[in-house]
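There are two complexes below, and they share chain A, which is joined by chain B in the first and by chain C in the second.
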Partner chain A sequence: MLDGRSLVKRTAGLRLWLSAGWIAALVIGAVFAPWIAPQDPLMQDLFTSRLPPFWMDGAEPGYWLGTDSLGRDVLSRILYGGRVALIVALIAGTATALIGATLGLIAGYFRGWADMVISRLVDIWMAFPPVLFAILLIAVMGTGLTSVVVAIIVIDWTRFARVVRAEAMAQGAMDYVASAQVAGRGRMSTLLTEILPNVLSTIAVLLTLEMGIAVIVEAILSFVNLSVSTDDPTWGGMIAEGRLSIHQAWWVLVFPLVALFLTVLSFSQLGEGLKDRFDPVLN
Partner chain B sequence: MSYLRIRDLSVVLRGTRHRLLRDVSLDVSATEVMGLVGESGAGKSMIGKAVLGILPRSARIVSGSIELDGVDLLTLPPRKRRTLVGRKAALIPQDPLTALNPARRIEPQITDRLVDILGWDRARARTRAAEILHDVHIPQPDRVLRAYPHELSGGMRQRVLIASAFAAEPRLIVADEPTTALDVTVQKQILKLIFEMQARHETALLFVTHDLGVVSKICQRLTVLYGGLVMEEAEVGAFFDAPQHPYSRALLAATPRHTDPDADLTPVPDAVIAEARRAVAEADLRWHT
Partner chain C sequence: MFLRRLLSRIATTLVTLFGVAVIVFAVIRIVPGDPVAMMLPPGATEADIARLQAFYGLDKSIPEQFFIWLGGVVQGDFGTSITTRQPVLGLVLSRLPATLELSVMALVIAVALGGLVALTGTRLRYTRTEGALDVANGMALSVPDFLWGLVLILLFGVLWPVFTISGRVSPNLAPEFATSFFLFESVVRLRFDLWLDLVQHMLMPALALAIPLAAIIGQLLKQSLKETMHLDYVTLARTKGYSENHVILREALRNAVLPTLTLIGVQFTFLIGGTVIIERLFSYEGLGNMAIDAVINRDLPLIQGIVLLFALLFTMVNLAVDLLYAVLNPRLRHA
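Right, the complex of A and B next:
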């Protein structure tokens, strides 16, 4: 029988598996890049420059996705670039979630002056254009992986704070919170055992979205050459370089772009899928 | 000797001088069932919430005292007050759908209080939880303890909440319109269950409702509120024979009768409302000066 619920479950399941599969493949590729990358990602060889991908005429075995104008292997560079993207996604995403969600919970549940301070701060923060803010921060801190991670945290904690605050407020007005209070629970313990489990799924969804955003921000910053050093391959850097030779070798631009697109899409779909999966009411 | 003793309790809307409760005095003795009746917004739930310390953020107690078992709750520091209320009082909430945490299983939601307040170990609390679920006529208590709230029906959840309220042997139960959110068919069973449990555990019961029919059947005394002001406080027998206050009389006359379902509803006459409003205004005049 195909009722509505099982249909929702099935498509949710498919989405979950596809997105988790792509991310898993990416993680494996990034972790084992030194062993599985067919070429050295930094090796330049002008004799093999602008080789097309494997299905086109003139392709060379061992250069599956072709080479760029300096003869560097595109596939290897994508694998190594995935390292930077994933490290940023993981560290920046998690740290942003921790900081933003904590502030959001405090503001939404305790209210009062803490809420006043945090909410005004969020309002002021959100008035800055995020990418310009990031570039400004990097300009002050200098380029490098740490700067990129810090910039993302500083910019994006507000996203968590605002959503989690609203959610915590809604949960705080529920009768079960009043019941817990009547049963002698302290405020902090109510926050941890009653409110937190109910906003956890929201935080998880936001976290996966945030990881996608972190990947994009990193790509933007490396596109304008403000991320890690120019020696290390990054997707944003590859896109910037590929842009210059798009008429001669479109693959240099397109493949990192596809990797970026699929990764960001997978992160957001993973979030949606997880939400459906862990929603106790839907199950 | 009253177990719950409220004197001149006034609650205002935070940041204003507008009173939601106006010098309310109320006594509930140790095994008594006290009905709190009034229209929506009369402040009947507010009294229960003030006693339990769960007033909404927008409401603030400005004067009066609430004594529970001889201890004035309002002079206690918040932590002490919570522990005391947790030990001696419990709430049967209005809406069973939002009164259980959807993200937690039933078991901890019943046993938390036993562990936190009474200091029992988890195993003993679990045994007690199963026992009290059995008392509220829930079949297969062990299965229910492992369930999440959404797996249970509304009536079942209300039974769980009743069990949870009585689990730690409190001496005062505040039931805040415990059947309004339920299906009519289960309302009667739930009411019966509440009074069965109240009689067995010999607790005091503050029963907030707008249903005078229920009050006439189960309460010993009742308090009628209008605009946060006590209109009349009486023995149930005397009240239904001859309500003293004009507002009470009008409220009683406005109750729909099962014997004649087609009869038009009788609204409370404007003159009576005007008089009740005058009483409220006079009380405020005394309070403000």
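Right, the complex of A and C next:
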């Protein structure tokens, strides 16, 4: 009999490589955007408005993926939009991981009143719808890259805190921690040299997943025009414009959507792949 | 025992709600700029400003202001919307039914779809079909509702335009309704023409919300089912000669469904949270769409009211799920 899991297992490696490949391509495209992009992403030209992508009739050379209603090159805007997406993923993801994991470690290892306060805060945070919480914060702080990053940190630290707390609690109950204590190690030193290394793999998995979430949150905020300034190209902003002219120029919506879809899927696949690798039960 | 559990659960819920109120108040208070200055026309005198500040209690200390504000909220006074000059509570309640109907419809679709995936996967376990379902399920799981919404708009709004991708109901039919629960009302009044129009509008946004949840349900329920299929009583049913379908549906499902039920409760709040952006995407006139308009117009009292209402809804759903779980789970019932 064929094992149903074999299809999942066989394609797992392939999916991991494809995901890593897409993220790598995206990073290269974003870093070298000024040299790779065929056009200026902000240049408007009504004579070249709504040009179709290269394989269709009426396409113009140099505008590979067509242009939007203001004549701006879609490919160049996707490359520059990738910059915003990746910057947010990197900064917001890392900061969220640092803050959330620190609070989770404190709550899970030291317990006591610190755990009570942090756990109660997590409960309160769970009562807010994340997207609504984010737009409330942006409404108060004003738009801009910093606000987007801060909003993501504020809404998502609980994701790390909850998991790391549980993990630190489980590790703290193990014999090796007790023997470190018997050997005369201080609480802080035990936390940093014994517990932390053992929860790092969990944090790495969560961080990868968080980067995908940060990309989608930025896209949602720029979709409703609450992210960076409207002049800068963002995937969410392009999607919002494309949504309006969907019957006249589908490519303005489809290409940034594909970029966003693949990016989110890749981060998630990488996270799941890491989880499988680190999880001894599955191997 | 059950009563004690109930009371302690209600107490933590109240603490959470108080925390929510503190956070919302604190966030609104960091607004740069004087809230009173935003309400008055340019050229208002100092005396005008002082009078309005006293009227809103802004001349008092922050804790005093908080308790004045909280006292109002508890009595249903959510303030006045800056853009429409109407009480926030009325505005918010008029939109709530639209969001509730969309959420419940999405939940029904998710349960049906996820259940179907789990049952098919269990029936065809250890085959290629199960593997293919797992891969598709994994993809559905890792892509959020916002992206599914866009994909659905492209597929069924543009490529094969069979569904309406904008609004809640055709504008010419909207005056037909006496309440704000359009879908419910159309069923009760047996107006299936209205019902069809509503479903035609709601199906795409509801499906976008349902896909990630359906994937989660499919994954967990299949896992529990497959574990249950190895238990002795299932083997006994099989030796009695019952068909595989009967064994799965009548014997295994009943015992495998409890973990999934708990999960659905928690995930349902995430689904409700997702309505904010999905309503925007499909121009559906619910609370979420109103919240985004409120942010764009910087109508802070309105967005504050919407956030509070959502938080109340979330906490109530969580409480209900916990209590339901305690009632359904015999181990907890007799603990």
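To be clear about the criterion, the second predicted complex is superposed on the first by the 260 of 283 C-alpha atoms of A that agree within 3 Å, B and C clash if a C-alpha of one lies under 4 Å from a C-alpha of the other, contacts with A are read in each partner's own complex, and residues count from 1 in each chain.
Assume a residue touches a chain if its C-beta (ideal position, glycine included) is under 8 Å from a C-beta of that chain, and two chains touch if they have at least 3 such contacts.
Remember, it's a predicted structure, so these values are computed and weren't measured experimentally.
Colleague: Given the superposition on chain A, are chain B and chain C in a clash or a fit?
Modeller: fit
Colleague: In the overlay, answer first, second, both or neither for which of chain B and chain C A:Q181 touches.
Modeller: Touch status of A:Q181: first partner only.
Colleague: Looking at A:D123 after the superposition, I want to know if it touches chain B, chain C, both of them or none. Which is it: first, second, both, neither?
Modeller: Second partner only, chain C.
Colleague: When both complexes are superposed, which of chain B and chain C contacts more residues belonging to chain A?
Modeller: C
Colleague: So, A:T193: does it touch chain B (first), chain C (second), both, or neither?
Modeller: A:T193 sits against chain B, while chain C stays out of touch.
Colleague: In the combined three-chain arrangement, what's the angle at chain A toward chain B and chain C (CA centres, steps of 10°)?
Modeller: If I round to tens, I get 90 degrees.
Colleague: Please indicate which partner A:L136 is in contact with in the superposed arrangement: first for chain B, second for chain C, both, or neither.
Modeller: second
Colleague: Using the touch definition from the top, say if A:L46 reaches chain B (first), chain C (second), both or neither.
Modeller: Neither partner.
Colleague: On the overlay, how many Å separate the closest CA atoms of chain B and chain C?
Modeller: Here the least C-alpha separation of chain B and chain C stands at 18 Å.
Colleague: Which residues of chain C touch chain A in their complex?
Modeller: 12, 15-17, 19-20, 23-24, 27-28, 30-32, 124-132, 134-135, 138-139, 142-144, 146-147, 150-151, 153-154, 157-158, 269, 272-274, 276-277, 280-281, 288, 291-292, 294-296, 298, 300, 303-304, 306-307, 310-311, 314-315, 318
Colleague: So in the complex, the part of chain A that touches chain B is made up of which residues?
Modeller: Listed in rising order, the residues of chain A that touch chain B are 111, 174-176, 178-186, 193-194, 197-198, 200, 280-281.
Colleague: With touch defined as at the start, can you tell me which chain A residues reach chain C in the complex?
Modeller: Per the stated touch rule, the residues are 1-8, 11, 120-121, 123-124, 126-133, 135-142, 212, 216, 219-220, 223-226, 239, 243, 246-247, 250, 253-254, 257, 260-261, 264-265, 268-269, 272.
Colleague: Name, in rising order, each residue of chain B that touches chain A in their complex.
Modeller: Touching chain A: residues 49, 52-54, 57, 79, 82-83, 85-87, 89-91, 93-95, 98-104, 108-109, 112-113, 116-117, 148, 150, 161, 164 of chain B.
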